[in-house]
Structure formats: C-alpha cells, structure tokens
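Note that the chains are named A, B, C and D in the order they appear, and that numbering of residues resets to 1 at the start of each chain.
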Amino acid sequence: MEGNRDDLMRIIQSRYPKLSKGQKLIAEFILKHYDKAAFLTAAKLGSSVGVSESTVVRFAIELGYEGYPELQKSLQDLVKVKLTTVQRLELTHNLVDTENALKGVLKADMENIRSTLEKINEKTFDEMINAIFEARNIYIIGLRSSNTLADFLAFYLNLFLENVRSVHQGYSDIFEQMIKLNEKDLVIAIGFPRYSQKTIEALDFAKERKAKVCAITDSLLSPLAARADYSLIAQSNMASFVDSLVAPLSVINAVIVSVGMKKKEQVGEVFGILEEIWAKHDIFN
Amino acid sequence: MEGNRDDLMRIIQSRYPKLSKGQKLIAEFILKHYDKAAFLTAAKLGSSVGVSESTVVRFAIELGYEGYPELQKSLQDLVKVKLTTVQRLELTHNLVDTENALKGVLKADMENIRSTLEKINEKTFDEMINAIFEARNIYIIGLRSSNTLADFLAFYLNLFLENVRSVHQGYSDIFEQMIKLNEKDLVIAIGFPRYSQKTIEALDFAKERKAKVCAITDSLLSPLAARADYSLIAQSNMASFVDSLVAPLSVINAVIVSVGMKKKEQVGEVFGILEEIWAKHDIFN
Amino acid sequence: MEGNRDDLMRIIQSRYPKLSKGQKLIAEFILKHYDKAAFLTAAKLGSSVGVSESTVVRFAIELGYEGYPELQKSLQDLVKVKLTTVQRLELTHNLVDTENALKGVLKADMENIRSTLEKINEKTFDEMINAIFEARNIYIIGLRSSNTLADFLAFYLNLFLENVRSVHQGYSDIFEQMIKLNEKDLVIAIGFPRYSQKTIEALDFAKERKAKVCAITDSLLSPLAARADYSLIAQSNMASFVDSLVAPLSVINAVIVSVGMKKKEQVGEVFGILEEIWAKHDIFN
Amino acid sequence: MEGNRDDLMRIIQSRYPKLSKGQKLIAEFILKHYDKAAFLTAAKLGSSVGVSESTVVRFAIELGYEGYPELQKSLQDLVKVKLTTVQRLELTHNLVDTENALKGVLKADMENIRSTLEKINEKTFDEMINAIFEARNIYIIGLRSSNTLADFLAFYLNLFLENVRSVHQGYSDIFEQMIKLNEKDLVIAIGFPRYSQKTIEALDFAKERKAKVCAITDSLLSPLAARADYSLIAQSNMASFVDSLVAPLSVINAVIVSVGMKKKEQVGEVFGILEEIWAKHDIFN
C-alpha cells in the first residue's frame, strides 16, 4: 500500500468482483459503516458480518495491506476527517504531551512534510504549473483557515502574473467575484478538513462554467478533489483540534518557486522595480 | 557553537577584551564589514587586516567554531538577511533545481523545522504562553507576508480568549488600532526577512507605551527581537526569492495547541457552541 | 398619515373589524395582492373586487390617507422593495434622464435626506445613543453594500469607545465573531433593500442570545426592523438599480457626532494623541 | 466669484502686478498669513499692514468679491482644511446643538449636496465617464475614511466592467498593487480632508507612470486635484470632527448610474445571472 490509502474505497470497489463470498460481506460492511469498522478488532468486525477473524485478516492482505492493523489505520484516517472539534480536542489531550507541546507539534509537522513528500504526485504538480501558464484568468480561493494559504499564494503570483484574482468572502459574495469565469480560466482551490461548504459550492459553480480546477487538499477522497482536474495532496494531519497547514504551505512555496523560475526574466524585472519602490517608501527595515 | 550563531556579534564583542592584538584587528574588521568578510577566504581576510591565515583560523576557534568555514557560514547567514530580491532570485536559480523544485522546497522546509526544533528555546516558549494568560489585552501584528501567520494565530486565539485584537494595515492605521495599548498589554509581533518597517515602528510604539512584546522571528539579531521581551526563533531560510514561513507556522501551531490545552474546558465549551452554529448554518461539507 | 406609511399592513389589519363590508373586500385584496393593487387605478381596484370607485376612495381616507393616490404611493413603496435588479434597471432607464444622470441623482439624494428628516424618530435616536453607552460590548454588522456604512460607523466609534467590535464576512464566519454575545450587549445592524439574508440570520442569533438590537434600515416593514428593539429609518430609495445609501450615511454621521459630543473630553484626549501619531508618521498631507 | 473660491490664491497672484501699493501689502499678508487673515475684520486686517479699512474693501472687490465678508468666507474655507481634529471638535461643540445633532447633521448634509449640485462641473463628469470606458485598466483608490467610498464604487463597477482593480492598504503595499500601471490606465482617487498622504503618493506614482488620473475630492485646491486630469468636486464640509462623505457618495452614485446606463445591455445580462445566483444561494431575504 505505498502511500495510497486515500484510494481505499476505490480499491475495495475495484477488487470487489474477485473477492470471496465472505470477503464481499466485509467489503459491504466497510463501504457502508467505515466509521464503525474503524474501531472494531478483526474478531469483532468478523462477527459483525458473520465471518471468521482470519477471513478479515486475509481480506486486509487481499487489498494490499500487511495485515489488519494497517487496514484499520487507513479506516481511522478516513474517520478522523469527520470528527467534530470536541472529539478532536479530546484526542489532542491524549496525544499531545501538554508538557511538551512545542516539540510534539514541530515533530508532527516535520512528519507531515515527510509524508507529503512521499505521496505527492510530481506529474500532477507539473501539469498544474502548466495549467497556470495556459489559463486566461486564475482565480484563487481558500476560505476560513485556508484563507491564509490562498492569500500567500495570491500575493506572490500577483507579482509575476497579470491575471490572478483572489476570491474572498467579504464585501461581495464569492459567486459575484467569479461571475466572468469561463472554460478558459483556472480555479485553484485550497481546502483542508473540515472542508468549507462554500468552497465546495464555488467548485460546483466552476464546473458548471467548465473552468479547469486545481485542488490543493489533504486527500483524493476530499470533496475538493472530487471536483478537481488536478489534485495536489498535502498532509494536514495533527491529531489535534488545530489542523496543521504546514505541509500545504510548503507545497504552495513549491508552486510559487516553480512559477517564478519559469518566468525568471519577468520576475527579475518586477523585483527590480519593487526594490526601487520599497527603497523610496521605506517599506523594509 | 551549539546553534547560537545568532549571537555571533555579541560573542565577538564579549570575547574582544581577551583577544590577541592580531585577533582584535580581525574582530574589528568583521564588526564593520561582515558583508565583505562573509565572502573572503581565511587567507584573504588575514591579508585584509595584516595578519596570517592561521591567526584567522585561531580566531574562529577562539569564538567557539570548529574552524574558519563554520565562522564563514555564520557570517553568510547574517548577510543573507540583507540581500535584495533580485540577488536572491539569482541564488534561487543556482540552488533550486528547476526540474525538481517540488522536492527541493519540501526538503528545505523539513530542514527549516528540524533546525528550529534544535534552536528554539523552550523556556522562552513557556514564558510567552504565560504572558498570553497574564495580559489585559493581546495585540497580534504581522504585516505583508507575515500577515497570513498573524491572521491564523488570531483566528484561533479569538476562539479561546476574549481579549485578542488583530492589528492590520487597512481602513485605519496600525497606530490608531493600538491607541489604548498600555503596560498591562502584550503585543505578539511576527516578522521575517525582509522585515516590514511598519512592524518595527509598531514595536517602538509598544515600547513607548511599556507594553510587553513577544516576537516570533528568524533570529535574535532581527530588529523585532531587538525590541522584544521574549523572542521565539523559527528558521525561515529558503535560499530563494520566497522566504519560507513553514517553520514559523509550525511554531504558531504549537502556541495555539499550548494555549488551547491550558484552557481545555473553555475550549471544549466554545467548540460545543460552534459545532451547533456550524451545523445550523451549513458551514462545513 | 404622518410619515407612518410603513405601517400600512398593520393599519389595515387593525382597522379591519370596523370596515364596511365593501371596504373589507378591498382590504383583503390588498393584503393578498398588494403588488398588483399598487398599479391599479381606484376604478380598476374597485371593479376587481366588485365595489365602486368611491368606496375605494373612502377606504383610503378611512386608513388616514388624503386620497387614493397617497394610498397607491404607499403600496408602490412596498412593492419596490421586492423588485429584482433587472426590473429596477428597466425603471432606471425610464426615470433617470441619461443625459443628466448627475443632477438627477444628486436631487434624488437631497430628497432622500429631506424625507428622512421628516420621518425619522428623534426619541428612537436618543434611545439608541443611550443604548450605545449602556452596552457591555457593541457589535456592528452591515453586509454587502451596507458594509461601507458599517465600516464607517465602526471606524469612528472605535476612536471613542473601547468596546466596539466590527462583524464582517471574511476569514471567520459572522457567528463565530459573535460567539460571546449576551444580553448585556448591543448589536447595531445596518441593512437596506435588498436585505442580506446573512444579516437577518445574525439578528435571529442576537435575539436568541437576548442581546439588544438597533437597526438602521429603510422601513419599519424591513426584516431588520422586525427583529430590532430600536429602528432608525433612513430613506434609500433611488428608483434605480443602485440603492442610495446617502441618507443612511447622513444618519450615521449624526450617530457619530452625538456619541462624540457626549464623550467630548475623552474624544478630545484621543484626538490629541492621534494628532501626535499622525504627525510623527506622516499620515496626512 | 461664481463658485471659484478655490482659485483664490491663484487670483491674488495673477492680479498682483495690477494692484495698488497698499493692495499689494494686503495681498502679501494674505498669501503668507491667510490662516490669521481669515479671522480678522477688514479694519484689523488693514491696520495689520498699515492701510485703511476701505483699501481692504476695495481689494476684495478688485479680486471679484462683492465685499470683504465674501473674501473672508473664502479665506475661512481655506483654513478649515488645515484644522486639527482637536480644533474641529471645539468647533463642533459651538456649531452643533447637542440637543439636536440629528436634525443639524441631516440639514448640513442636504446643504452639502445642494452646494455640490451648484458647483460640480458637468463637462468634467462626462469626460470622466468617457475616460472610464477608454481605459485599459481602472484602478480605484481611497484610503482611510474614503475607503468606504472606494469600496462602494469598486463593488458596482466590478459588476459591469472586467478591468476594475481596487487598491487597498493591506496585505501588500498600494504600490505593489499598481506595479503594472501604465499610460493606458485610469486611476480614480477619492480623498477628502484630511487628505491621506499615501493617496497623494499613489497619485505621484500614477503621474510618473503617465496614467490618467481622476480625483473625487472637495476642492480644486486639494492635493488630489493638483495631480488630477479630471476633478469632480463634492462638498464634505460639516464643521465637525467628522467630515461628511454624504455629498461625495451621492456623486459616486451618479458615476455608477451613468456607467450602468451606458452599458445597459451588459448590465441587464449580468443582473440576470446574479439574480439566479442570489436565488440559488439564498443571498437575499
């Protein structure tokens, strides 16, 4: 299962025809009740559907896991996305040593980047960079906590490109800001659990208008990925009431650097002008 | 030199009285012309001030470095802060393999967190958390790209605490937003190279008003640290035209988690209310 | 009908028991089909319900109008609120002389203020000013085009008062920004046709929390007024696709001046400090 | 002096060569000390420079005024612009009856519009509307309290036009937001006393880039007008610590209606789409 846990549901569906009768019962139970399954032992999952523990273990191996614990871990990852903040606060208390939150959080964030590095699809990344250069207009949307990432990306892309538009909740509605969106445009949507409903609606609108969509999100199972032509996956997991946007920010750094490198001459020119402006108006210390 | 390169200038000054006459010449040259010294070999630095190469090497060892290359590295780190974007764009081209910006950037960001983990002062972190609970009002300021970090921190602290104020460039000036600041208040300032002049002015204003100041910045040599009671150091280095705010964001995650854990009951209550609001108004997918 | 056209529907309902049989037919028709009635002559309205033209005229007088034209004007005012922008664009074309939009608009805005001056309730105004001074915290909300008015009011009140909070669509949801709202607080809501649904929801939330509500709106029939303890009425009518916020802005000027005058000493002190800040930082030309 | 008080200083300078010796003394005194002269009687002004009261009166008539009181009014108008908020607060106390701030303010605002109606130049208005249609990109800037007017104008123009950009203090500096400005672009700058220094700097930048500039401001003597190709004058006078933006907002209404009327078909189409979006997403009550 080299890093593709996100495809768990699809794998179950694609392997389904070849499964034994007992394994099919397990598959059906998981597809319907994965939130319960995630917290059952192999024995209990088996008895729930009327098969033996060893059938459950073979089912996990059939799907490509080393054993049942690995399958269960994948299920729990799926479930976590759906937890309420209250449940997650409880988890934080268990998982983060309050005496050492600082080191715990920094280590978890290193792990988030490491895991992103393993899982991220370089080909998708390159396609996304190309899509940025091919678009008529580029709309960047990220609401709630992802707003910070969207602002950061828009701030830099605006320095290099003439056709970047930031879509915000604010004075006017997000749909009004995208009223001229069409099939020549690209929407870059940034969203992590818990996914803002408004961002999803923006992507539905983008699809109606036949615009290209690139999602920067945490999983191929996310509702953003479901509406995207390209999905860059960055791990936001922190087993805490705060979702970490550290790995996503690193991915956005990579997007900015790649776009900047491809436009190196223009970027150099823009920076030359900016340096003059900055000096004249004492912007920097 | 256990991670304390930031103190290079202070170390030179404190060791100065005990240095030999030749070493004093080197010290004076570095204090005045560190931007030139950073790119000289030991031999050239020696000849610039009229001493031998081996005197330069002994000088480095005297300061606590393993040798001249380590001293030179410290000097180059100091210089980098002062580079213009145009110079940095040139560096990016050299250092980031355009064919593989994605992996290059993610690895650099893991290294930024790893280095932060080594250097960050846990005692300062704890003192800052305490200062947050002792303050009458907490003002959070981060301008330009650090705005994203300031918004993220304010978004979460506002959920737990009643006395958090976000200071923004916008409708009114930052000073107007701090007009009621006094010695019972805490200002959390976030700033990374290139340091916004306006943030520095805000801290000068805070010091006039005798408010406590906590800086989240990249070095004890930063102008924010120079005005702070507490400085949390996070590495923002990316040898690129974009400064990475990944490690600083991870440190801010740690601040949020620590504050939240200390206010666990209230946070649980707030989240309970928020879950109801979110459900009622379809905020999440 | 001293300025109370807004109560038309209530008046009809309260007078209903005392009306003649023929007048009751007219009343019922208007309550159900006021959008049609608004554009019928007295004769046609009569024939629609099977009564004479003179019965319709007596009905208007019975309600307190000078005649049928005044009743019809009230009905048209009600209808206008419900027009779509497309219908209103058509009206603009008819009513504004494109050759002279400038004078037409300025004259219409003078008339908006004149009419506001006649209709506004001074006692309510005074009660609102008192409510501002009695509140624990003051939340100001105005979304979409009313955002400009809310920002303007908050900008000035923030200079005099310590407890003013601006509620915006943005990074966080408006409900999250009001999470600590309680019965000691005041919500000042600003909204004009077409009324933002989100502002209405904010007021429903405020009522649940038992906070006091002051509405600045265009009519006692507005959904904001229906949820308010105090309603300041300012005319926003422009018979155009743009609603004029000129008279509302003038009313807000009056609120600011009144609050400022009651806090004259503190305002003087604040302005003294601001003048120093402004001079030091070259804020003004 | 049909409305051209703003040119007072220029008139004095142009008439200077033809003045009598005594009149020249008065002219010099006024040019240097107009802030004092504004509050002197004709007799005292005369004795200050060593001429008779009747020489002062003839001087006023020579400049085109009906008498000295009219000249003095012009001088006082000039001075008002320079008053600090503390001085203006004092004036408010004298001029606004605290018992009746509501009516006083509304009446003053009607007068502001009436006076604007008299003074505004229709030809300039038409030229500005044309400039909007001819521009490659339109940048709208208004800082501090004028931000509300700029947002309102940008909100509506963005519905009709594809090339409108709002320039804000915020995440990035205003100059960065205008980095692509060139001679084919139009900058609409909105500013009233006390004029924001940053807006002036933005216009200096616009002139360097040879962009067209349209100012919406309170006087031809304003520093915005001095940098503008077209100046729309709206009276913001309120003899209070708050400058009234009521007449300027009315002028902006006229700009929006005029642009909308000229693009009637597109506006109708846009509104059709918006109505669908608004209905689908429950934007309005």
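Following the convention adopted for this analysis, a residue touches a chain if its C-beta (ideal position, glycine included) is under 8 Å from a C-beta of that chain, and two chains touch if they have at least 3 such contacts.
Here the structure is a predicted model, which means the values were calculated and not measured.
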Item to check | Most widely separated chain from subunit A, with each centre as the mean of CA atoms | outcome: D
Next on the checklist: Using the stated contact rule, I'd like to know whether B-D or A-B comes out ahead in C-beta pair count.
Outcome noted: A-B
Checklist entry - For subunit B and subunit C, what's the span in angstrom between their mean Cα positions? => result 50
Checklist entry - Between subunit A and subunit B, what is the gap in Å from one C-alpha centre to the other? => result 28
Checklist entry - Between subunit B and subunit D, what is the gap in Å from one C-alpha centre to the other? => result 44
Next on the checklist: Two or more other chains touching the same residue: where does that happen in subunit A?
Outcome noted: 147, 151, 155, 171-173, 274, 283
Checklist entry - Any idea which subunit D residues touch subunit B in the complex? => result 144, 147, 168-173
Item to check | In the complex, subunit C residues that touch subunit B | outcome: 151, 155, 158-159, 162, 171-173, 175-176, 179-180, 201, 270, 273-274, 277, 281, 283
Checklist entry - Contact residues on subunit C for subunit D in the complex? => result 84-86, 89, 92-93, 96, 98, 100-107, 109-110, 113-114, 116-117, 120, 122, 125, 145, 147-149, 151-152, 155-156, 194-198, 200, 223, 238, 240-242, 244-247, 249-251, 253-254, 256-258, 260-262, 264, 267-268, 271-272, 274-275, 282-285
